[in-house]
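Next up, some structures in structure tokens.
Next come two complexes built around subunit A: one with subunit B, the other with subunit C.
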Partner chain A sequence: MAAGDLEVRGLGMQFEGLSALSDVSLRVPAGEIHGLIGPNGAGKTTLFNCLTGFYRPTAGGVWLSSDRIDGFAPHEISAAGISRTFQNIRLFSNMTTIENVLVASHRRIGGVTGYHTLSRRERYVLIDKMRIPVRVPMALAAGLAEIAGAIVRPPAARRHERDAVERGQQLLKSAGLGGRENVVARNLPYGDQRRLEIARALATGPRLLLLDEPTAGMNPQESSAMVALIRRIRDEFDTTIVLIEHQMRVVMGVCEQITVLDYGRKISEGTPAQVQKDARVVEAYLGTRALKEGGHATP
Partner chain B sequence: MLESVRPGVPRLPEWAHALIFLIVGLLGWYFLDDTWVRMLFLVTLYATLGMGLNVVVGLAGLLDLGFVAFFATGAYVVAIWGAPISPSVDGVVNYWVLLPMAVFAGAGIGMLLGLPVLPLRGDYLAIVTLGFGEIIRILALNMDDYTRGSSGIFALAKPDYGAETVDSVREFFIMILIAAMAVWFVTARLRDSKVGRAWEAIREDEDVAQGMGINTVRYKLMAFAIGASIGALGGAIYAPFVDFVAPAQFSLIVSINVLALVIIGGMGNTTGVIAGSAMLIGVPELLQFQETADVLAKFEWLRDGLNVFIDGFNAVSFADLGKLPPSEEWGDKLALYRFIVFGALLVMVMVLRPSGLFPSRRRELEFTAEEPAPAGSA
Partner chain C sequence: MTVIFLTSAEFWADQLVNGLTTGSIYALIALGYTMVYGVLQLINFAHGEVFMIGSFAGYGVLVAMGGDDTSGAMIALALVLAMIAASAASMGTALAIERIAYRPLRNAPRLAPLISAIGVSVFLSHLVDDGFLTGRSKYYPSIFPDGALELGPLTISALQIFLMGSSLAMMGGLWWVIQRTKLGRGIRAVAESRDNASLMGIDVNRAIVVTFALGAIMAGVAGVLYGLFYSAIRGSMGFIPGVKAFTAAVLGGIGSVQGAVIGGYFLGLTETVGRELLNEIPGVSLPNQWKDVVAFSLLVLVLIFRPNGIFGQKETKRA
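Let's turn to the complex of A and B:
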């Protein structure tokens, strides 16, 4: 597997009798834009929650760049290289745009411990090998060092912070939010809030970006701009992208491969053209008319 | 109401606020008598505690109603190891060793409390921390072999400098003033660092913060530890000041007072915390000072005028209010009924300035409905 490859094998998510996902398998090669579609309640967002550690899947496994990551906490998964946006925008709404981005680049802002210089793999090996009697004092020492660093603010810390702000500004610029660093997030227009969510997700330095309905509530012009942004992100940041989308025009336009979920099961996959012709998809969800006219497919 | 947020109105930088506070404190220390300096000590002590709680509640958004536990921890560390009378420890440890010990003990207790409440949020967190505050008090009450129970520990070792010891009100005031300035600096630096940013992200949306790579366990524990160590620092200075440490001093009302002054001052803002402390701790004291009574006594000329109003009110309302006493007695009455006056003042503050006396930038934003910035503007 190459870096950035996502592999999901037999994933299941059971909520006390309700089976939200069962036996979902998925392969997304690095650099692909992959669409995830299905009717409301099909389990698309649940799958995202499983991939990002918000839920702990009850069956199956998730591999990113051949590292198994299911069962990790969300912040560990973020460190492993998966980042996401949310269907209902969830920004840090009372913080400014640049602060939103800086929070997400937290892990990449150097500390005094040097831990951040290790590669992801080295970190897992390190954490894995440590037992509680070693880990607790180490965490305490690291915490003390971090607090001392924040209070004393040594030149290195200032430099790291300056670099992070610069990177954040670059990121905002490429998301189309240049020059709006100090606007409080909740005062941004709706479309810009979506862009900020994407910029924030990118700030974690992901190899895999999960976009949950990036064009929800947008008019056709805004949607087209978003599609262009998604393509640009893939090329500029060299990330794999999986997106949930209801607007068929967007899905068919931007996705190279599509997976269709229904009632928590995968019912079809393939290129947009293949999926469009798949009788199971048409029957289960899209509806003949909506598909043929290429309109909005939400029932 | 919130003029200060309007763009174009310059605001003093934070260090200027600190400087003003320091100068006012030193002027008070130089010119006022011991009764006043004692009040200033209490105001500054509570302001310091408020700065500590502000880290937990204002920045990290963790509603902690058991802050007194850390205050008590600091006081008891200094008392148990610093008083000859203490039953469990022989000899006396130097105060300047005890002070950092108390701070670290506070941090430890803070994390100990933090661990079990990590998954709790909002109201549930408030209830559990409330219980924790009581647990510490009841422990102190029952661990006679260490704390002497309700009899308390007294005759504590005083902090020394050179050949002198800190034992007067005025010296203790200088001590707490230095502590307050140090705590202000530390909390301001933390707030403006990536640690502070992580705290605020947790306050805004804990799940998303974690999703964006913030180790929420680590930063929540850090907030508890920092807040608790500041609380313990306050306790460690308070203990030799009153020279008596007993469970009765660490009741729920201390937690309530500290939280109330943070809210009244304007959550998330150190200047606000100091203003809140002056209001909440200073004003009730002020109302019973002789000087206040002396000032009121000068208003004898108002008495006849006010009595006319009372007569008029009695006439139209069939009420039977008595005449006002001579103005020399007004001070005594005010001291007697000071909590009624005080309560009315608090209500007034919350009605007139719902986001606090000196709201932080963010609080101001939460309370003002700003128009979305036009596209393309900075």
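Let's turn to the complex of A and C:
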């Protein structure tokens, strides 16, 4: 597997008797834009929640760049290289746009001890394996050093912060939010909030970006601008992208491969053209009329 | 009949200064309540004991540095070391409480950590009172130089100036940390949404620990200032200032940092000046203990008419 490859094998998610996902497998090679579609309640967002560590899958596994990541905490998965946006926007609404982006780059800013930059495996080898009498005082000392470092800010930390601000400004510019660094997020227009969410997701430095209905609530014009942005992100940031989408025009226009879910199971996969022709998909989801018109698929 | 004011301008000026002095201590402690509430929606009722432990650690340093006989430049050094030791002891206490009594209950119903907090509070105050002091109080060495600043009717003792000044410096420092540093940004992110912050790569547990640590540093310094000003300290000393600071945090709008500061000063002023104002009513003579009645009546009134406090935001429904 190459860096940025996503592999999901036999994933299952059980909620006290309700099976939200069962035996879902998919492979997304690095650099692909992959669509995830299916009727409401098919398990698309559940799958995202499993991939980001927000839920702990009850069966199967997830591999990113050939590292197994299921069972990691959300911040560890973020460190491993997965980032996401939400169907209903979830910004830090009382913070400015640049602060939103900076929060997401905290791990990369790092601290004086470099703890933030360690991967889970490195932490295990360097820290978690030590005995408690060594670990506790060391953790305390490291914590104090971090706090002191964040307050006093040695030159290296200042430089990191400055770099992060610069990177953040670049990101905001790429997302079409240049010059709005100090606007408080909740005061941004809706479309810009979506863009900011994407910029924030990119600030974690992801290999894989998960977009949950990036064009929800947008008019056709805004949607096509979003499609252009998604393509540009893939090329500019070299990320793999998986997106959940209801607008068929967007799905067919931007996705190279598609996976279709229904009732928590994968019912089809392939190129947009293949999936469109798949009788199971038509039956489960699109409906013949909507398919012919190629319009908005949800009834 | 003419109303005779028994009191002079000097008297009111004194009350004002006293109000601001106690208000500073309330504000420092209230910051710990409001910040922890901000990230965990938990009322850390053991925070008064975090303050108490800090006060004892400061006492230990002052005694070790020569007690009442400390003089000259050693006084300044002793005060600085006492504050550092108090902050460190408070921080250690707060972090241990968080790890032992709160973190295991992070996902339990909200009542569970609250009861746990009350348990820790009772445990610590009795541990110190019955375990170490056997009921006696300790007395802070009175090392602070005498002297006072007179500005017209205002007389401010050097100790009061020191107390108000160092509180303001601590609060300014905290504001800077919260608004201008990476640590503060992480805390604000976690306060807005724990899940969201964690998905953005913030280690939520670390941010929570840092929040407890910052609040404890404020409480530790407040403990030393309290000891210098009121002299007597004991294991149960954290209870009333703790409850008052909690009241101040609620007055200002719990979760809001500037609210806690303003609530602290407001409460300090109201309970000293407010009681004396009531005493101006002919036939009314309220002893000093009535300041608590004034303070808590104020809490009830605010909760009735402005349940979210002066600066509290309306609780918005999350989508």
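Convention: the second predicted complex is superposed on the first by the 274 of 299 C-alpha atoms of A that agree within 3 Å, B and C clash if a C-alpha of one lies under 4 Å from a C-alpha of the other, contacts with A are read in each partner's own complex, and residues count from 1 in each chain.
One rule holds for everything that comes next: a residue touches a chain if its C-beta (ideal position, glycine included) is under 8 Å from a C-beta of that chain, and two chains touch if they have at least 3 such contacts.
All of these numbers come straight from a predicted model, not from anything done at the bench.
Steric overlap between subunit B and subunit C is present once the structures are superposed on subunit A.
In the superposition on chain A, contact is made by A:L188 with subunit B only, not with subunit C.
By the document's definition of touching, neither partner reaches A:A156: not subunit B, not subunit C. A count of residues in subunit A touched by subunit B and by subunit C gives the higher number to B. When the two complexes are overlaid on their common chain A, residue A:A141 makes contact with neither subunit B nor subunit C. Contact with neither subunit B nor subunit C is seen for A:A3 once the two complexes are overlaid on the shared chain. When the two complexes are overlaid on their common chain A, residue A:R180 makes contact with subunit B while staying clear of subunit C. Look at A:N88: by the touch rule set out above, it reaches subunit C but stays clear of subunit B. Only one of the subunit B stretches 2-10, 308-316, 326-334 or 362-370 carries C-alpha atoms that clash with subunit C in the superposed arrangement, namely 326-334. Subunit A residues 52, 54, 73-75, 78-79, 83-84, 90, 92-95, 99, 102-104, 106-107, 109, 143, 146-147, 150-151, 153, 161, 200, 203-204 lie at the interface with subunit B in one structure and with subunit C in the other.
The touching residues of subunit A, counted against subunit C in their complex, run 52, 54, 73-75, 78-79, 83-84, 88, 90, 92-95, 99, 102-104, 106-107, 109, 111, 116, 140, 143, 146-147, 150-151, 153, 161, 200, 203-204. Against subunit B, in their complex, subunit A makes its touches with residues 52-54, 73-75, 78-79, 83-84, 86, 90, 92-95, 99, 102-104, 106-107, 109, 139, 143, 146-147, 149-151, 153, 157, 161, 164, 179-184, 187-189, 192, 200-201, 203-204.
Chain contact summary for the complex, subunit B toward subunit A: residues 185-186, 189-190, 193-198, 200-201, 204-205, 207-216, 218, 221-222, 225-226, 362, 365-366, 370-373, 375-378. Looking at the complex, you find that subunit C touches subunit A at residues 95, 173, 177, 181-183, 185-186, 188-189, 192-193, 195-204, 206, 209-210, 213, 319.
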